[in-house]
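Read through the structures below before going on.
Below are two complexes that have chain A in common, paired first with chain B and then with chain C.
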Partner chain A sequence: MRYAAAMGDPLSPVMERLVLFIVIATFLTALLFFALTLYKGIKHLREDRKKAKFQAALENVLFHYLFEEKSLEEVLGDPIFRAMKRDVLFQRVAIKAIISLHDNYSGIYSKKLEQFFEVSGLVNYSIARLESSKWPFIVEGVRDLSTLNHDASYSRIASRITHPHELVKMEVLLALIKMRGIGEITKFQKTGLLLNDWVQSNILYTVKKHKIAAPANLGIMLSSPNKTVVLLGVRLIRYYQVAEHDETLSGLISETADAKLKREISEVLAKNTLVN
Partner chain B sequence: MTGIGILDTGIIVFNYLILLFAATVMLSYVILAAISGFSLKTYLRQNRFVNYKALLALDSAPKVSLIAPAYNEAKTIVENVKSLLAINYNNYDVIVVNDGSKDNSIDVLTEAFSLVPSDKVYNPQIPTKEVKAIYRSSNKAFSRLIVVDKLNGGKADALNTGMNVSSNPYLVCIDVDCIMDKDVLLKLAKPYMEASGKRIIATGGVVRIANSCIIKSGKLVEVRAPGNLLARIQVIEYLRAFILGRMAWSKLDGLLIISGAFGMFDKEIALRCGGYDTKTVGEDMELIVRMRRFMIEHKEPYTVQYIPDPLCWTEAPESYSILRKQRSRWMRGTIETLYTHRKMLFNPKYNILGMLSYPYWLFFEYYAPIIELTGIVITLIMALLGVISWGYFFLFLFFVYFFAVMFSMIALYTEEATFKKYQSLADLRKLAFVALLEPIIFHPFTVLAAIRGNWEKLTGNKGWGEMTRKGFEKPTG
Partner chain C sequence: MNILLVEDDEMLRRSLVFYLKSNQFTVEAFDNGSDAIDFIKTATNSIDLVITDLNLPFAGGKQVLQAVKEVKGMEIPVIVLTSSGVEATELEVFDLGADEFVTKPFSPPVLLKRINKLIVKQ
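The block that comes next holds the complex of A and B.
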C-alpha cells in the first residue's frame, strides 16, 4: 500500500479519520485474537492438567473395584471420588475411561464396568445427553449408553430413530445393532437413512467388534428393492461365511446390472466355493 | 501535488486504482477467512464422533496406491518407506519410483527390503522415460511394496510412471520425505465412501511444517514451533493458507490446487486427462485444474474434497536461498498453469472456477507481487518528486502492516481453537511474535522471489532448483 502514498488531498479530513479508525480497528482486532489465542491455550492446558488429575483418580478407583475386590459401595463412597463426581469434565473423562477399559476387557470385568457406569450415576450424564436438543450430544449419549450396554435406555435410543440428522440416525442404527442384533436394521426402512459404503463399514465394524451373531433371516436383505441393503446383505453373508444363500446370490448376479454388487457377489461365491 | 493538471489527475487515478486493488485483496481474505471459519466449525462438529477404524472393517474399502517419487534420497529412504508401510489401512500398496537417482538409492532399498525383480509388465498408458526394472519384496512383511527403477525424468514423470504401474483405482501422490499421519488414508478415503451423485475426483489435505518437531520411527510424536526463524514464519504462512484459504475454496467448490506433497486422485480420471504434465514445474496445480476442466467439458458431475486435518508434515526451507528457489518455482508453476488454462478466465462455462477461482489466482496470486513491486517503485519516484503526503503514507503503511498481523493472529487463533497442535504457551508466543515480523522480513522476500519466478519464466529457466533438506533426524534429538 506504499503506492497509496499521495492519496488525493481534497478528501483529507474525512479520509484521514477513516483510515486512522481502520488502522486502530485492525490493531485492536489483532490484539484481541492474540489475547484469545493465549486464553484458549491457557484453558486447554488447565483442562489437560485437570483431565490428567481425574484420570489418575479414576484409574485408582477402577483398579480397586475391578481387581482388588472392593465393593462398588466402597469405591463410590470414596470422598475424593464423590467430590470430583460433581464436575462435568470428570463425568466425561470417567465415561471415556470406562469405555476404554470396556473395549479391552470382557466377561466379568466388562459387566462390572457396566454396573459401575449405572450405579455411580454416570449414566445420568449420558441420558441427559441423549435427551438433549443438540445432535452432537445425542450422538454422544447414544454411543455411550449402547457401548456400555445400558439396556434400560434401549427404547429411549430407539425413539431417536426419526431424528432429522443423518449422523444421529446412523448412531442409533449402530446402537440398536449392538443392543439387539443385526435384525434391527429393518426398523430403518422408512427413515431414509442412506446405507452408503461408509455407513456399511460402520455396521460391519460394529458386528465384528461386538461379535454380533448372524441373524436367522439374513436372506430377507437379499430380496430388498434397495440395492444398498442387498449389498449389505452380501457383505454380511461374506463375513458370516453363510453358504445357504449361494443359490439366491447366483440368481442375483445374473439379474443385477450393478457392477459393484456383481463383483461383491462373485467374490462371496468364489470364497464359499473354496471353503466348501 | 505537482500543480501540473494532467499529472495530478494521473496520480489520483493511479492511487485510487491501487487502493481498489488492495481493498479487494483484503476483502477477499476476510470473506475467505469467514467462510473457512464456518466450514471448519461444521467439519469438526460432524467429525467429532467419526470412528475412522470402521473403514478397516470393509474388505472392499477403496484400493489405493501410494506413489512416492524419490530422487537421491538414499540417506533417509528406508525409514521413510517403512513409515509409509506402517500406515493404518488394508487395501493399499506403496510404489516407490526411483527417478534415476545418482546415489545408491536402489541398492539401499534392495538390501533393506529384500527386493527381487517382479514379473509385472510395465504398461505405459501415459508415456514416460524408460523403466529399467520393477521390484517386489521377497519378504512377506513388505508385500505391499513395489519399487520402480527408471531413467530420470522429473517428479511429474515419476508420478506418471507410478500411475502406470498401479493396479488400484485410487492414487495418493506424496513426497517421500514427508511425515504422514498414520490415519492419512482412512481420512482421505472416507469421502469416496460417502459419495452419492457426484464423483469425487480428488481429495487433498493440510500440509504443516515439521521443522523442530519430534519424530520417532517415521512418526510425528510432538509438534513444536520451529527453532529456525524462517521456518517459524512459514508455519504462520501455512496456517493462513490452509486454514483460512483452501478450506473456503473447498466450501465454494473452487479449489484449484491440491498440494503436491500429498493428495488422493481417481486414477481413471487422471489417466483420461493424460496424467501429470511433465512440462510444468507446477504439476500438482495443473493436474487438478485439468481434471476439473475435463469433468466440466464432459458434463460429468464431480467434486474435489478437502480434509482440513493436518495429515502431512513437511520440512520447510531454513535458508533464504532455498526458499527463493522454492518460491520462484511456485510462481513459474502458477504462470504455466494459468497460461495453459487461460480459456477459463471469466468463462461462465467453468462456473465458479472460471468466474472466481481463476481470476483470484490471476490477480491476487500472479499479479499481486508485480503490482506490489510497481507500487514500491512509483512510491520511490513520488518521494523523489516530493509529491508524497507522508501522513497518508504512514497511515496506510500501518494499516497494511496491522492487517497482515491481524490475519496471522486469526489463523493462529483458529489453529488453537481447532486442532491445538502446539501444546505449549511458549510455542504460541513464538508464533505470535513472528506474525509481527512476517510483513517486514518475509513478505517482501516472497514478493521478490515471485518476481524472480516471472523473470526465470521469461528467460526460459525450466529447472526445479536444488532443494537441499536437513532431514528429520537432527531435530528429533
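The block that comes next holds the complex of A and C.
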C-alpha cells in the first residue's frame, strides 16, 4: 500500500474522505476559535465602555458628595445614578472605587465613604455576596463589608467562620480583626482553628496596615491549648514590642517542646532585653 | 497656580484632580513617573508645584523628585505622597529635596494646607 502511494497512486476513497474530513474539521475549529475570540473581544470592549460610563457617573455623584458639602440625599437623587445603580456591573465598579478611596482618605472622608456605601444601597450587593453559596463570592462580600466597616454585618460575617473553605475562614478572621480588633482572636483560642504561617502573616499584615492597637488581654493567647494561637500571641507581642509578658514567655520556653515556638520566644525575649 | 500630580491609583488621582480643580488650581495629572519626567523636562515653566506618589510604574517618585530638583534656575516645591510610614523612607525623601511628606491615608484639606504653605513660602 505504502509502496503504491509512494508511486503516485490515487488515495483510496476511504482515505480521501478521511483527509477531507480532517481538513474541514481543522477549518471549522479555526473558524470557531476565531469567532469566539472575536466575540470575547467585542464583549470585553463593550464591558470596558460600560465601565467607563459607570465610573464617570459614579464620580459625578461621589466627588460632589465628598468634596462639595452636598448632602447624601441630594446626590443620591441624581436620576442617572438611580438608573445605573440597579446594574450589577455598576455596583461592582462603584464598590471597588469606594474601597480604593477609603484606603487613601482618612477622617471624615472615610466615614463619608462608609455612609455612602450603606445609604446608597450598594451594601446590599455585598450582603448578597456574603450570603452566596460560592466561596469566592463569600470572600468578596466579607472583604467589602469589613473594609467599609459595615458594623451591622458583623454577626453575619462571624457566622461564616465555620465555612469548610480555608480562604473563607481566613477572610472572616481578618474581617473580625479589622472590625473589632485583635482581641477577636482570643474567641477562638479554645477551638481547633488552625492558624498556619500563611494565615498568621495575613493577620500581622492586617494589623500593620490598619494600625490595629494592641489589646489589653494579649497575654491570654499564651495560655491557649491551641499552639497556633500561642505562636500568633508571641508574634504579636514581638510586633507590639510589649515587655510585660516576658515572665510568661520565659516559663513557656522551658515548658514547650515545640522548636519553632522556642526559637520565636527566645527572639522576642532577646529583643525585649535589648530594648529595655 | 499649576500643579503637576503624579499618582498611579486611578481613583485617588481622579478624585484629587477634582478636589484641586474645585479649589481653583490647574492640574496636569500622570499615572506614571516616566511621562511625568518627560513633562517636567518640556514644560518646566508651567509647573508651580509637584505632588508625587513614591511608588510609581516605569520611574518612581524619587526619580520624579530628582528631575524636579535638577531644573535649573527654578525652585519648584514637591510634596511626596506615600503609604509607607517608615521613618527611613521619610528621611531619604527629605534628603532628596522633598518639601513636604504626606502619608496615606490622609485628609484632602491637610494636603491643601501644605500646598498653600508652600505657595506662601514661594
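The working rule: the second predicted complex is superposed on the first by the 234 of 276 C-alpha atoms of A that agree within 3 Å, B and C clash if a C-alpha of one lies under 4 Å from a C-alpha of the other, contacts with A are read in each partner's own complex, and residues count from 1 in each chain.
Please note the rule applied: a residue touches a chain if its C-beta (ideal position, glycine included) is under 8 Å from a C-beta of that chain, and two chains touch if they have at least 3 such contacts.
Note that the structure is predicted; figures quoted are calculated from it, not measured.
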Partner chain in contact with A:52 - chain B first, chain C second, else both or neither: neither
Partner chain(s) touched by A:20 [first = chain B, second = chain C, both, neither]: first
Partner chain(s) touched by A:136 [first = chain B, second = chain C, both, neither]: first
Which of chain B and chain C A:106 touches, first, second, both or neither: second
Touched partner set for A:196, first chain B, second chain C, both or neither: first
Partner touching more residues of chain A, whether chain B or chain C: B
Doubly contacted chain A residues - partners chain C and chain B: none
Touching residues on chain B, where the partner in the complex is chain A: 1, 11-12, 14-16, 18-19, 22, 45-46, 48-49, 51, 53-61, 190, 192-196, 374-376, 378-379, 382-383, 387-393, 395-400, 402-403, 405-406, 409-410, 412-413, 416-417, 420, 422, 425, 428-429, 432
Touching residues on chain A, where the partner in the complex is chain C: 59, 63, 66-68, 97, 100-110
Complex contact set, residues of chain A against chain B: 1-9, 15-16, 19-20, 22-23, 26-27, 29-30, 33-34, 36-38, 40-42, 44-45, 136, 139-140, 143, 167, 171, 194, 196-198, 200-202, 204-208, 235, 238, 260, 263-264
Footprint of chain A on chain C - complex, ascending: 9-12, 14-15, 18-19, 22, 104-108
